[in-house]
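Before anything else, here is the set of structures, which you'll find just below.
In what follows, chain A forms one complex with chain B and a second complex with chain C.
This part shows the complex of A and B:
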């Protein structure tokens, strides 16, 4: 049944550009980007058991990489932008990860939060470099070297860019599937379940946590770069702690102990946010209530509802 | 040459002397039980022998390498494994996955990010083989948290054995297990050790039936000193020793000493 549902969902997103209205298609673009971000974040949280409250740092890093390359350096090839975002994330994640994975639980969370806020302050204050609160524009990129100059902005986004983003999400999903199913993924789950025991049977706990941190950062920045294309802007709020909080919310919503939870969480969050925002100015209030209901009644998220297995912590 | 050698180990916690000049040499082929009343320094000794604690003075060498501060990972690669007194499992991992973790780490496959574990026949064959030795073959797909306590204990020890160490140290391998299961567990452990090529077993144990039934050497600790280091027969014959370390009741055959 899960396979059928997954197949139908895949068909639906593939066919959407022919049937869905443009507005809804543009909503799917951030959902694809967040899907990539959350696949990475969930390797850290769902698989390894480390909850980051500063993951938006890497999303912002990806977006600013896209902005710096397109606006600053005139590099418009999206493949180059994505590769640069991944590289920048790895560069930043190596020193941060070496520091952060020395800590676990709340200390890890607080330290990642602190680094996220440091990066936010940097983006906000270094006006000449980052554009301050106005941010930097992200220009329309070339996709596989093609400009699609005859298409208007919306046609470009819901046409070629839509499929580009979808393909990237598919690749990211496959890559993460391999990682989670690898010997490395097994070691990460062992670390999540019982780090002392994992160490006793020869797992290098800190080293593998570090690898997971760097992989999550790379996924975050690639998603961030992709996210910045439809918005056309990289601004400091991308690094703000509430954005990190939203990422965690999406994971809880979709279900962090299910491989596809991140994708469902991203999609439902974006659609829900759009719906609730159009109904009421108090959408944050509604979202707070939804989060409370999810945590209390559906701790395993939406995919936990479909899955009859008992929760792993039960 | 001895596998594991402790030389004049002293261990102080503040001013309290937990180990007072302990020297030990463990040879291949030995099953050694460390006994002694509570507070005699047994667990401290195991912690020092496995490098978890660095002794205040003296040294512990395993195959010629100083183990102090080596850490469990490097110790495992060197050929020494340990199981703890409290049962420790990976609750959500299945029995098969649990046994795969030490096998993967022993083969240094842990950093293989994109290899498919499911298709790794050699690993799963060894998982099945290990599970069979410990009577867990029909429970491979069960999450560890759903196992009965005795099976959890076996799984815990089996995952240490799966590292295929030369020496294994077990802190009360039968603690928390019903008396009726104790002998079954010991039979399983001893059988598995022989089949898996483990050369020496060191255990801390309170249950004298287990100690006298399985070990071929007994190290009796009292107030941080080695009071006796002898065969079970020699220990049994020494009434003064039995009184001090084991308790009167064992020699009179009245059941558990404490």
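This part shows the complex of A and C:
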């Protein structure tokens, strides 16, 4: 059943550019980007059991990498931008990870939050370097070396870029699937379930947490760079702590203990946000209420609801 | 210098609320910034109304504090919502308080709109003092005194009263105090309401000096976090010391190099977390 549903969903997103209106297609682009971000975040939270409240740092890092390369250095190849975003994220995540993974639970959450806000206030205050609250523009990139100059902005986004983003999401999903299913992924789950026992059977707990942190950061920055292309802007609010909170919200909405939870969460969150925002100016209230209901009654998220296995694993 | 202490006094109130709730309920309440913002808005409305009704201007502080205390009435219902997840993983508790942050932000927008609310006219009602070449509004000194006396009052409450002993016992060992006949539901409700009151009074006291904006809550919560991390989670003395450190650090940074104002605070937070994760003042009372 699950396989049929997955196949249908894949078919639907592939065929969407021919049938769906452009507006909804442009909505799918951030959903793809957030899907990649959340795949990484879920390796940290769902698989390893570490709740980061500063993951938006890496999303912002990716977006600002894209901005610096396109606007600042004139590098327009999206492949180069994504590689640079991944590299920058790894570079930042190594020292941060070494510090953060020494702590768990609430301390890990607070330390990541502090780092995220450190980056935010850097972006916000160092106007000459980062553009301050106005941010930096992200120019239209080349896809596989092609400019698609004959296409308008929206046509470019819902045409070639749509498939580019979708393909990237597919690759990211496959990579993450391999990671989670590998012995490495198994070790991470063992750490989540019982760190002491995992250590006792020879798993190097800190080192594995560190690896998970770096991988999550790379996914975050790649997603962030991809996110910045349709919005055309990298601004400091991407690093703000409420953005990190929203990332965790999406994850919880989709279902953190299911491999595809991140993808479902990103898609549902974006579509829901669009719907609620068009209905009321007080969408934050509605979203807060939804989050409260999810946390209290359905901690396993939407996919947890569909899951026939009884019992809650929260 | 005194500006920093003024900010520290307000910050202490919010952080003390955070500490109290964390110490007893083990919940890191992100929404305490929202209580602060609510207190600020209600403070503006209450004072504007009271002045319109003919209240002599110098009495506005009383109205502010009363507004803050009245708002503590939202404590019990909010605590009721949180009660559903006391036995869950702390990640979920944190997320539920994040949900509250989102909701309260829009409650404020709904009631007071998006424009900043100001209460400029009464700020200088007590006049200004010249201290060492700089002028200080007397109101700032009033708030510093109020913060200090509330800190002393909290110390007295926690160490010298029956309620305080129960609270500390609960923070120390929940099962044991429950076994000794402490009504946990009631203690939790009271502690949480007290925590809310500290936040709302803090918010109400700050607004003569600054405008109330709908973002003030989510901005302050990060600073309050910094305070509790520096001071040590769950420690009241830590909250006071942390608030002073953060307040003075910010004031100093603004004077020397304004760009690094918050940067400096986060650097200290990270340094403390890395070098002394338990905080500079490890858990003393509650």
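Note that the second predicted complex is superposed on the first by the 310 of 314 C-alpha atoms of A that agree within 3 Å, B and C clash if a C-alpha of one lies under 4 Å from a C-alpha of the other, contacts with A are read in each partner's own complex, and residues count from 1 in each chain.
Following the convention adopted for this analysis, a contact is a pair of C-beta atoms (placed from the backbone, for glycine too) under 8 Å apart; a residue touches a chain by one contact, two chains touch by 3 or more.
What you are looking at is a predicted structure, and each value in this text was computed from that prediction instead of being measured.
On the superposed chain A, the positions of chain B and chain C stay apart, so the two partners fit side by side.
Aligning the two complexes via chain A yields an angle of 80° at the C-alpha centre of chain A, spanning the centres of chain B and chain C, rounded to a multiple of 10.
By the touch criterion defined above, A:211 reaches chain B but does not reach chain C. Contacts of A:202 after superposition: chain B is touched, whereas chain C is not reached. Residue contacts after overlaying the shared chain place A:53 against chain C, while chain B stays out of touching range.
In the superposition on chain A, A:194 contacts chain B only, with no contact to chain C. By the document's definition of touching, neither partner reaches A:77: not chain B, not chain C. Contacts of A:137 after superposition on the shared chain: neither chain B nor chain C is touched.
Set side by side, chain B and chain C differ in how many residues of chain A they touch, and the one touching more is C. By the document's definition of touching, of the two partners only chain B reaches A:185; chain C does not.
Once the two complexes are overlaid on the shared chain, A:106 sits against chain C while remaining clear of chain B. The gap separating chain B from chain C in the superposed three-chain model is 15 Å, by closest C-alpha atoms. Judged by the document's definition of touching, no chain A residue lies at the interface with chain B and also at the interface with chain C. By the touch rule above, chain A contacts chain C in their complex via residues 45, 51, 53, 99, 102-103, 105-107, 109-111, 113-115, 117-118, 121-122, 125-126, 241-242, 245, 248-249, 252, 281-285, 287-289, 291-292, 295-296, 299, 314. The residues of chain A lying in touch with chain B in their complex are 175, 178-179, 181-187, 189-190, 193-194, 196-204, 208, 211, 215, 312-313. Within the complex, the chain B residues that touch chain A are 71-73, 76-77, 81-84, 88-93, 97-98, 100-102, 104-106, 109-118, 120, 123, 143, 156, 159-160, 162-163.
The residues of chain C lying in touch with chain A in their complex are 28, 30, 81, 84-85, 88-92, 94-96, 98-107, 109-110, 218, 222, 225-226, 229, 233, 258-263, 266-267, 269-270, 273-274, 277.
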